[in-house]
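Below: a set of structures, written as C-alpha cells.
In the two complexes below, subunit A is the common chain; its partner is subunit B in one and subunit C in the other.
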Partner chain A sequence: MADKNSFIQSWCTIQNNKIDLNGETIFESEPAIGFADFAKAAYRNFGWSYPKFFKMDSLSKLAFIAAELLLKDETSSETENDIALVFSNKSSSMDTDVTFQESIATKENYYPSPAVFVYTLPNICMGEISIRHNLKSENSFFIFEKFNPGFLSNYTDVLLSTNRAEKVLCAWVDFYKETYRANFYLVNSTEGLEHNETTIKTLFNT
Partner chain B sequence: MEAVKQELKEKIISVLNLEDVNPEDIKDTDPLFGAGLGLDSIDALELIVMLDKDYGIKLLDPKEGKAIFESIETMAKYISENRTK
Partner chain C sequence: MKLNSVFINATNCITPLGLDVETNIRNISNGVSGIRLHKNQVYAEQPFYASIIEDDLIEEAFSSISASVEYTRLEKMMILALMPVIKKSNPVFDEKTILIVSTTKGNITQLNTISETSVQSADLSLMAKKIASFFGFTTEPVIVSNACVSGILSLAVAKRLIQSEGCNQAFVVAGDEFSKFVLSGFNCFQAVSDEPCQPYSVNRKGVTLGEAAAAACVSANGQNALAEIAGDGAINDANHISGPSRTGEGLFRSVERAMQEAEVKAEEIDYINAHGTATSFNDEMEAIAFNRSRLGNVPLNSLKGYYGHTLGASGLLETVIGIESLNSGKLYSSIGFDEMGLSQPLNIITQNEDKELNYLLKTASGFGGCNTAVLFKKTK
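Moving on to the complex of A and B:
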C-alpha cells in the first residue's frame, strides 16, 4: 500500500466535441462536425504550433490535446520532466488498425501506408506526448473494459510513493469510429484534491 | 515536367498532411528533408509508396531514394523518366 499522500492537481475531459478543464468548458464546436475537424478547430483555438499534430491518428490527437492542456505549464523543453504516464482505454488502437487493414485488404490495391502503420499500437499516443513534453519517464498503457479509477489510483500511488516519478499524468483515452472520450488528470504529492477512487469518479462523472 | 512538379507538390501536401503549407510555398529546388520541408523517415517511406501507387515506380534500392527525394526538381525528373502509369 502506498504511504505517500497524493493529490489531483488538474483534470480535463474531452467528449462530444467539448473540452472541459478543471470543471469548466473551455472549448466546444457544433456536435455535427467530425472529430478531425473538431481537433483541428481546437488546435487553432489554442494557438498551438506543432505541425506533427496533423500527422497523428485520432487517438493520438485526442491524447495530445488533453495532455497539452494539462502539461503546457508543467514541462520545459530545456530539461527532462519527471512526469510518468499511466494511460488506459477499451478500444486499444482499433480505429487505426481498421484503417490500416482496409489499405491492405485486396491484392489489387495493396498499398500499406507507413504513416498509418506507425499508429497501430495504443501506446504510440504516449510516445507523441513524451516527445512533445520531453518526458523520459515511466509509462504504461492498460486495456480495460471500462474506465478503472481504482486500478489507476493504486498504480499511481505506487509510482509516487516509490519515487518513480514526481508527478503522474493518468488517462482514459478511447477512440473508435468517431465515438471518443478522454479523462485526463495530473497527480502530485503536494497539493490539490484528494487523489482516490471516489474523487476520480466524481470528477469524471462515472 | 512543370505539370508533374505542380502535381507532386499537391500530392506531397495531401499525402503527408502538411497543414499550413501551400504548393506555392515549395520551391522546385528546396530540400524536402532536413532544413527544407522538414520531412522525416516515415514521410520518406510514404513517398516510396506514393511513387508505386500513383506512378507505377517500385524503388528496389533504398539508396536511390536519397538522390530522388532531394527536391521536387529531382523527383519530377525521376518520375518523368521512369513512370509506368
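Moving on to the complex of A and C:
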C-alpha cells in the first residue's frame, strides 16, 4: 500500500496533569488537582479564547487541548483545512454515560439534559475539533482495548495514499473518572519523523 | 495506483421483522412495520412507539446455537446476525481475517444499575472480544463507534482495510438495542415522535427508535458476490455537534467523494437508500445535500418507517435490505411518507415498484456532524 511516504510532524501527550509537546514539557499542574481545574489552568496558560470549551465534557476538553496545540499554527478559520481525524480510545464516552444514566435513574430524580446527552458519544470530541479548526474532512472513531499504533498507522496511510486528506491527526484520547491519557500526533506526506508503528511506540512510550 | 475491488459476499439481519434476510424482505414487501405502541414503565412514563424485538424470539434462536448464559441480549443479537454469514463464508481465522463491530451505545443497558461491575460489562472492547471468541477470531476486533453513521462507516472501514492489505476478509457486525438511556436522551431533545415516524413528510414529528443487528462478509473475492463497494466518503460538517449543517455540507461532500471514487455520475445512480430519521432538520438537510449533487430525482426511501432508528445498526441493516433491492430490482415504499415536507424535491418511493438497478447509494448522518456515503454496484 505504501506508495506514498508519511511522516510525523508533531506530537503531544497529556497525562497526570502534564502536557508534553514534541518531547518537551510545556505545562504542568500539581498532581493533586482534578482534571477540570487542570484543563482550565492549561486553557488560561496558553491564552486561548474559545468560550465553548467550558461547555464541553472532559473527553472533549482533553481532545481539544491536544488538538489546539498541534493545529493552532496549521489551520485558519477562514480557509478550509484538509486534515482527517482518526481517533480512538478504550472508555468510549463512559464518563459522561454514567453522568447521564444517573440523571435518569429514578422517577423522583429524573432530570435528563440535552447538553449532557450529546456528549454520550465518543465522536463528539472530533465534531468539536472539526468545528474549531474548520475541518470538513474524513473522520472516524475506533475503540480498542489499548492504544493500537499498528492499526492507526495502517489506516492513516490508507487515507493519505488514497488522497482522502492532506494530513491526518491521529489520537488516543481516553477519559474515565479522572484517569485520562491523550496521545496525539499529526501525520503528513512530506517531512518529519518516519511514520510507522515503531516510531509511534517510541514517541508515546508504549 | 489501482486499488483492489472490494465486495460484499454475504449478509444477514436480526430485526422485529424477522431473524433472517428473507423474512425481513417478505415483511417489507408486504408493507409490514416493526413499529408498535408500547406501554412499559421501565422505559417511559407515557406510552411510546418503538420497533422492538421480542425477548423470547432472541432467547429461542440463541438457545439453538449455544447453551451459554454469559452473553447479554445485544451480544446474542449480534452473534445471531453473524452466525449464518460466517457459516456461509467458512473463513480461516488467521491474522488476515478480522471482525469489525459497529455500535453506537453497545451494552448501555448494563448501566441500569450503576456500579463498577456494570460499567465494566458495558465496556465496548469486552463486548467485541466476547463475540470474537465465540466464533474463534484470532485478531483483535476493530470497533467503530461513530454515532449513527457507525453501521455504514464500518463497511467503508472494511473496504479501506482490505485495499490496504491490512486484512483479506472482514466480518462486519452492527448492533444497537432499544434502551431507556437513548429514549430519554432523544426525548430531552424533543426529537421523539408521538406517532410512528414519517420520514420526509410535512407531518413528521421526529424519530421512532428501534433495535436490530446486521452482519456482512466483506472481501476482495468477487465470485458470487452480492455487490461491490464501489466508493465511499465520511466527511464531517464542521458546523454543529447536535444538529446537521443547513447546507448539507458534509453529506454533500461524502456523496461527491463516493461518486468520484466509483467514477459514477449522478445520473447513473438508480436508487438512494437514505438516512431519513424523520426529524425536521435531518430530512431537510438531506434534501439540500442530494439536490446539490443533482440527485433530487433519483428514487429514494428511508427504511425508518419499518425499523425505526436503529442507531449504529441502521447503516448496515439498511444496506443489507438495499442490496436485496439492487439484486431483485424491487424498490420498496418509504412508509410513513404522505405529503412532501421539504424545501427541495426528492423522488420518494410511495409504492413498491420494479426497476432495473445498477447503483445504490446508501447514506447516513449523525451527532457530532458526521456523515457517510457508500456507493454499491450490482455484480450479479
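Convention: the second predicted complex is superposed on the first by the 206 of 206 C-alpha atoms of A that agree within 3 Å, B and C clash if a C-alpha of one lies under 4 Å from a C-alpha of the other, contacts with A are read in each partner's own complex, and residues count from 1 in each chain.
Simple rule for what comes next: a contact is a pair of C-beta atoms (placed from the backbone, for glycine too) under 8 Å apart; a residue touches a chain by one contact, two chains touch by 3 or more.
Quick caveat, the model's predicted, so the values are computed rather than measured.
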Partner chain in contact with A:Glu128 - subunit B first, subunit C second, else both or neither: second
Which of subunit B and subunit C A:Ala105 touches, first, second, both or neither: second
Which superposed partner A:Asp20 touches (first subunit B, second subunit C, both, neither): neither
First (subunit B), second (subunit C), both or neither touched by A:Ser113: both
Partner chain(s) touched by A:Val158 [first = subunit B, second = subunit C, both, neither]: second
Which of subunit B and subunit C A:Asn139 touches, first, second, both or neither: second
Which of subunit B and subunit C A:Asp97 touches, first, second, both or neither: second
Partner with the higher number of touched subunit A residues, subunit C or subunit B: C
Touching both subunit C and subunit B, counted on subunit A across the two superposed complexes: 112-114, 118
Residues of subunit C touching subunit A in the complex: 1, 3, 45, 104-106, 108, 111-112, 114, 119, 122-125, 128-129, 140, 142-147, 153, 157, 160-161, 163-166, 180-181, 184-185, 187-189, 233-242, 249-250, 253, 257, 261, 366-370
Complex contact set, residues of subunit A against subunit C: 1, 3, 85, 90-92, 94, 97-98, 100-102, 104-105, 107, 110, 112-114, 117-118, 120-124, 126-128, 130-131, 133-145, 148, 151, 154-155, 157-159, 161-162, 164
Subunit B-facing residues of subunit A, complex: 40, 51, 53-55, 111-115, 118
Residues of subunit B touching subunit A in the complex: 16-20, 38, 42-43, 45-46, 49, 52-53
